[in-house]
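Structure first, then comments.
In this document, chain identifiers A, B, C, D, E and F correspond to the written order of the chains, with residue numbering beginning at 1 in each.
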Amino acid sequence: MKKVEAIIRKSKFDEVKAALHQVEVNFFSYWDVTGVGNEQQGHVYRGISYSTSEIQRRFLSIVVSDEFLDRTVKAILSSAATDRVGDGKIFISNIEEAYRIRTGDKGSKSLN
Amino acid sequence: MICTALVFIMHLGFSFLEIGLTRQKNTINILFKNFFIITMGLLVYCLGGFNLMYPGFEEGANGVLKFAGFGITAPEGGMEFGYADGGYTWWTDFLFQGMFAATAATIVSGAVAERIKLSSFMFFSLIYVGLVYPIVGSWKWGGGFLDRWGFYDFAGSTLVHSVGGWAALIAIYVLGARVGKFDEQGKPKALLGHNIPLAAAGVLILWLGWFGFNGGSVLSADPALTSLTLVTTSLAAAAGGASAAMFSTLLYKNYDLTMFMNGILGGLVGITAGADQMSPTDAILIGSIAGIIIVLGVALIDRLKLDDPVGAVAVHLICGIWGTLAVGIFGSMAGWTQFLVQLAGVGIIGAFCVVSSGILLFAIKAAMGIRVSREEEIKGLDLAEHGMDAYADFRLNQH
Amino acid sequence: MICTALVFIMHLGFSFLEIGLTRQKNTINILFKNFFIITMGLLVYCLGGFNLMYPGFEEGANGVLKFAGFGITAPEGGMEFGYADGGYTWWTDFLFQGMFAATAATIVSGAVAERIKLSSFMFFSLIYVGLVYPIVGSWKWGGGFLDRWGFYDFAGSTLVHSVGGWAALIAIYVLGARVGKFDEQGKPKALLGHNIPLAAAGVLILWLGWFGFNGGSVLSADPALTSLTLVTTSLAAAAGGASAAMFSTLLYKNYDLTMFMNGILGGLVGITAGADQMSPTDAILIGSIAGIIIVLGVALIDRLKLDDPVGAVAVHLICGIWGTLAVGIFGSMAGWTQFLVQLAGVGIIGAFCVVSSGILLFAIKAAMGIRVSREEEIKGLDLAEHGMDAYADFRLNQH
Amino acid sequence: MICTALVFIMHLGFSFLEIGLTRQKNTINILFKNFFIITMGLLVYCLGGFNLMYPGFEEGANGVLKFAGFGITAPEGGMEFGYADGGYTWWTDFLFQGMFAATAATIVSGAVAERIKLSSFMFFSLIYVGLVYPIVGSWKWGGGFLDRWGFYDFAGSTLVHSVGGWAALIAIYVLGARVGKFDEQGKPKALLGHNIPLAAAGVLILWLGWFGFNGGSVLSADPALTSLTLVTTSLAAAAGGASAAMFSTLLYKNYDLTMFMNGILGGLVGITAGADQMSPTDAILIGSIAGIIIVLGVALIDRLKLDDPVGAVAVHLICGIWGTLAVGIFGSMAGWTQFLVQLAGVGIIGAFCVVSSGILLFAIKAAMGIRVSREEEIKGLDLAEHGMDAYADFRLNQH
Amino acid sequence: MKKVEAIIRKSKFDEVKAALHQVEVNFFSYWDVTGVGNEQQGHVYRGISYSTSEIQRRFLSIVVSDEFLDRTVKAILSSAATDRVGDGKIFISNIEEAYRIRTGDKGSKSLN
Amino acid sequence: MKKVEAIIRKSKFDEVKAALHQVEVNFFSYWDVTGVGNEQQGHVYRGISYSTSEIQRRFLSIVVSDEFLDRTVKAILSSAATDRVGDGKIFISNIEEAYRIRTGDKGSKSLN
């Protein structure tokens, strides 16, 4: 099993979610993070204008069986891109074991 | 004077309500709009609106349009306490009316929230507060033709609330729904308000303000009438809230606080036209019906694929009409002729508002665009138009 | 009339305080309860409560129970300004008293927050506002037997605050503590309030409202008395807050804002019974003692394994009793006999409230259940009973 | 009396504004400071301040310093309605003035927020409210020498706002900037306010309060004058907000809500000195200029490497001076001599406040320290000094 | 060393925490996430009733030495289950190195 | 590629960020978590004083190429330490693949 961690624009979340559902990835968790990267965002506050590279992003954590990996990555790549700096990253890592708490099931059958 | 203060604080109520029932990403924008309405509304009304509304129609004139000049200067004798029927001065009157005028624009503000272009909205509300509202107002409160017909609108169910409500209706039609409000099948989805405690506070503050709105509209310090007015106002509000809460609980099997809140406002708007003509029992009846209207009205708006984040059309337009007609049905003025006069007033003012706000909005749409881009809308107007966050220290979800 | 508006806005203060000192997962529920109390309280009081409270006891009757019929209709002459001692009208009086009545239920609402079943609470508060409160009220303000004995309670330390406070005490006893309030060893744990700024705003709004509560209870526009009342009210509040803050700082080595806030409220409740009888110095003394009572009272409630999220019992019951007794100790009515009469009044009313609310609550518990399930409580009442979030756009912790 | 209530509620406005424009980690601290000011301010003012401010200077005395004894007792006849010019009683007067006094300390509170040691601040504000403010006040409102010179300050542009503003200026100079406010190159950085809706509510509540501040300062119930005052107050506020918003939009290409809010306050402070002397047009002019002053003033403070989180110096000091001078430029008192008298008044009072608050602050700094440690500041004063979170259920960012 | 990531019901957190303390796992970090899965939750808002599969969950991240792995998983499995859909998942992955910032210690002795 | 996960004091964040920039690690994501550990924090609320071991921490997730690993860890170790209990942890794990969403780039060139 693999863990796919995707850091995307918040405004792209709905599209990414739809794309994942399309390829039948219906199980994941997400939260919001602050990303430090290339993109800059302008602000003004009480007469001080400033720009920050700290931008709110959404972090998706999706654990999939090995055969689902490819289509998951593709679904995200195609749905999250805007071609402007700041689209985010996808990281893949290995998951050694998975359990479904409700049943105690192990392995990839616990994933969905 | 105190009533002016109470009506002023209604703007806080409206702001809270509007903020609370929308998403956090547009909070700054909403506040900016509301601050704009209060400040510029007052200034514009001072510049010309007041004299357009109270032009002093001559006997025998048709009483449709007259303008008494720019700026405000107290008429001779206006500074004395005995101005008009006594009990208040010319200055108080101006301020009180100015606060009213701004209210009409605030109603629109709520309905168009989260997607209108700020500059377009500012332009629209200047014209609406400075021109359309006072013209309509002059027909009745300025002593124009509706007044002569015997049309009765105590504190503005039609003159304030419907005038705002019609514009809100046209505006949400012209604007279209917010991204995500309807899915592909056209089924309405819930875009949740982000701060219900503020919205609830807004409702209570508005109720408080209505004491000034209705109480102050007695326009004389007659304590018997004023206190009756406060009783009818409160009972209608209570009845409106209770009936909306009960009705929506029956309908949706759920204690829906937002319906409760809208019901209270509906009851308040409903009683506004006849607050001084009703007995307590009448007030409770009017309020209860308003509460049911609200529940159905909100559903109707959704059915029509219109998107009204705060329920402004149901509350201000539909209940405003109901309240105006109710003067012909309940209370001491009830009667068939009165009902017809009320109906005529509602119709004429409605037609005028629909036409004028329609022209205005389409002109704005053509000339400068009326809606922000899809991307700005998703990002939120706070960042897109103001570069500022409302809640910088909080972790937020995004919808 | 203005005082009515001020008393009305107290409900916003109570709502804010209660929301602020509880957890976010029950916010909608609390607001719903408060809206219910305001609207239905007013309607029920209108239906029968007012006439139960001011039945016009005949000379020579024992003055314990009389009911003047359903609904409200102004007595002859009530519409004129000169009604009663003058200065206010029958309508104003009704509205003012109706707002008071709702207050008693609001006090209970705070104490039982976060675990009571909504329907049971609604049922309870209807009966309490519609029956128990006005019966007690009639004994004194309605001219009943306590009034004849010379019992003095200016604006309701006992008649409003203790009546609410006793019910709160019984209710938290019947209900039991919130999950997690006491650990296995019975040591109290802190369940943190989630929005202290709103709670603080609630306190200031309540203070403001008390200007109306006490100021309006002069029930005549006598400016000398009213202004003295405002001064004593403010000074007692200030003294209560200051002493509670200082005392808790000494005790817990910590600047505890929540004690500061409760102290202010304690001072206000304490002065309520004798606001028009005290000199400024008396007021400061009464307030200071109330502040200390609060700090000890809150600790006492915890010691008794009772769970009162907002401190309603300490503030309204204990300080209410203190304030009522203080009329016999300080100020122009001080004296041994007066003290005994006050004590008797406190005792009789206390007994009546304890018994009636006890019966009522146990009956409700038996008939419909009084507490939500453990699971619903942990999940939060907002989701469990209303299917709605108070702060949809915020990331939240869960306790 | 109502005005007292309105002025009281200004403290809620100030609290909201201050909270909203600072970071969440100092919220409890700010509330504690404000509660302290209200309660202790009132008590201290009662103890001695009032008699220091209204000592009843004898004819022929130089009118600089006199103290009429501790405590408050109504002078003979003070309880009657006809006290002074009539329209209010001695008690009302005390309460109204006490609320004013606390305002001066609140202004300082905003400027020093997020870094001052609580105990030092409490000490400072006691002395300032109890001694410095009433001494200055006695020179004009107590009938002292400035009054005899013909210095005019209707409701306290100088006597309240500048007095607070000067102390704020000195205090932020003595304290230094918050950690992170200026980077190594001395470029100002934005430390974002965490709750803009509350801040906006604060502004509207302050506006409301100003109706009482200025309206009540008429100190008689003359309706003509009072209502004129309300109109000028409102128009100046509206003009201030509008001009600040427009000017900052031009300057920074951005609809900056915080400037809008500060502009409204600037307009209010600006009109305060001459609210009863101005025509509506004068008021609009004064307000507009105040709005521009605000935008420049905020930038100037930043340029000077001073750190004023809420803009207190720009709003209260600079606009306070502007408003006082404006009495010599616009309105019915305008004239070269009046202008010079106003200038002298501003100068003398300024010098006195700078010197006294300077001495006081340096003494405090030497004796007990005035600023929290760097680590406590980064952690937030709520945790460091109060061990409490303002928003326990929310996930928060840290700045 | 292993990283145990558990996604649980918020309402079960106190029990899970107690169970972990029982087996002497006293060090971990947690945060709240939104989970997309099988469970649905009904809501009503202004007359629109809807149900969402986006439910708030708590995400626990616990790094343990290999010998602690088993009991940690068991503690969570037994304390977090309600046997209704939505109980959550546990994922195990490998941690190559760990440092305690205070001391600079490496390896499993840095874990507690 | 490696994932560096650091759990630090919130109050140290600015220093850590500066130290990371120093060693040219300009890309990362962070969020706030609650940490359970040795450190205790005292509180008082309405007369109840209590101390909790649940303390807000900041969680940094930094994916770096193998050659950057060392300096990243060192930068954090040196900038986040206060030598008092509660300074936090650093965990290193393996990342199998990384993508830049904007371009679809794979591998370590996608990291910055």
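The rule is short, and it goes like this: contacts are C-beta pairs under 8 Å (C-beta built on N, C-alpha and C of every residue); 3 or more make two chains touch, one makes a residue touch a chain.
Model, not experiment: these values are computed from the prediction.
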Q: Give me the chains shared as neighbours by subunit B and subunit D.
A: A, C
Q: Could you report, rounded to a multiple of 5°, the rotation needed to superpose subunit C's C-alpha atoms on subunit D?
A: 120
Q) Copies subunit A, subunit E: same or different interface, half of numbers shared as the threshold? A) different
Q | Selected pair, greater C-beta contact count between D-F and B-E | A | B-E
Q | Mean-CA-position distance for subunit C and subunit B (Å) | A | 34
(Q) Measuring centre to centre with CA averages, how many angstrom lie between subunit A and subunit E? (A) 19
Q. In angstrom, rounded to a whole number, how far apart do the mean CA points of subunit B and subunit F lie?
A. 51
Q) Going by the touch rule set out above, which residues of subunit B reach two or more other chains? A) 2, 192-193, 195, 254, 256, 258, 386-388, 391, 394-398
Q: Spell out, as numbers or ranges, the residues of subunit F touching 2 or more other chains.
A: 31-32, 34, 43-45, 49, 93-94
**Q.** Set of all touching chain pairs, with the criterion as stated earlier
**A.** A-B, A-D, A-E, A-F, B-C, B-D, B-E, C-D, C-E, C-F, D-F, E-F
Q) Can you list the subunit C residues touching subunit F in their complex? A) 188-190, 192-193, 248, 251-252, 254, 256, 258-259, 262, 295, 298-299, 302, 311, 397
Q | In the complex, subunit C residues that touch subunit B | A | 1-2, 4-5, 8-9, 11-12, 15-16, 19, 27-28, 31-32, 35-36, 38-40, 42-43, 46, 71-72, 79-81, 88-92, 94-95, 98, 118, 195, 198, 385-395
**Q.** In the complex, subunit B residues that touch subunit A
**A.** 180, 375, 378-379, 383, 386-388, 395-398
Q. Which part of subunit A faces subunit E closely enough to touch in the complex?
A. 3, 17, 26-31, 61, 63, 93-102, 104, 110-111
Q | Sites on subunit E touched by subunit C in the complex | A | 10-11, 13-14, 32, 41-45, 49, 56, 58
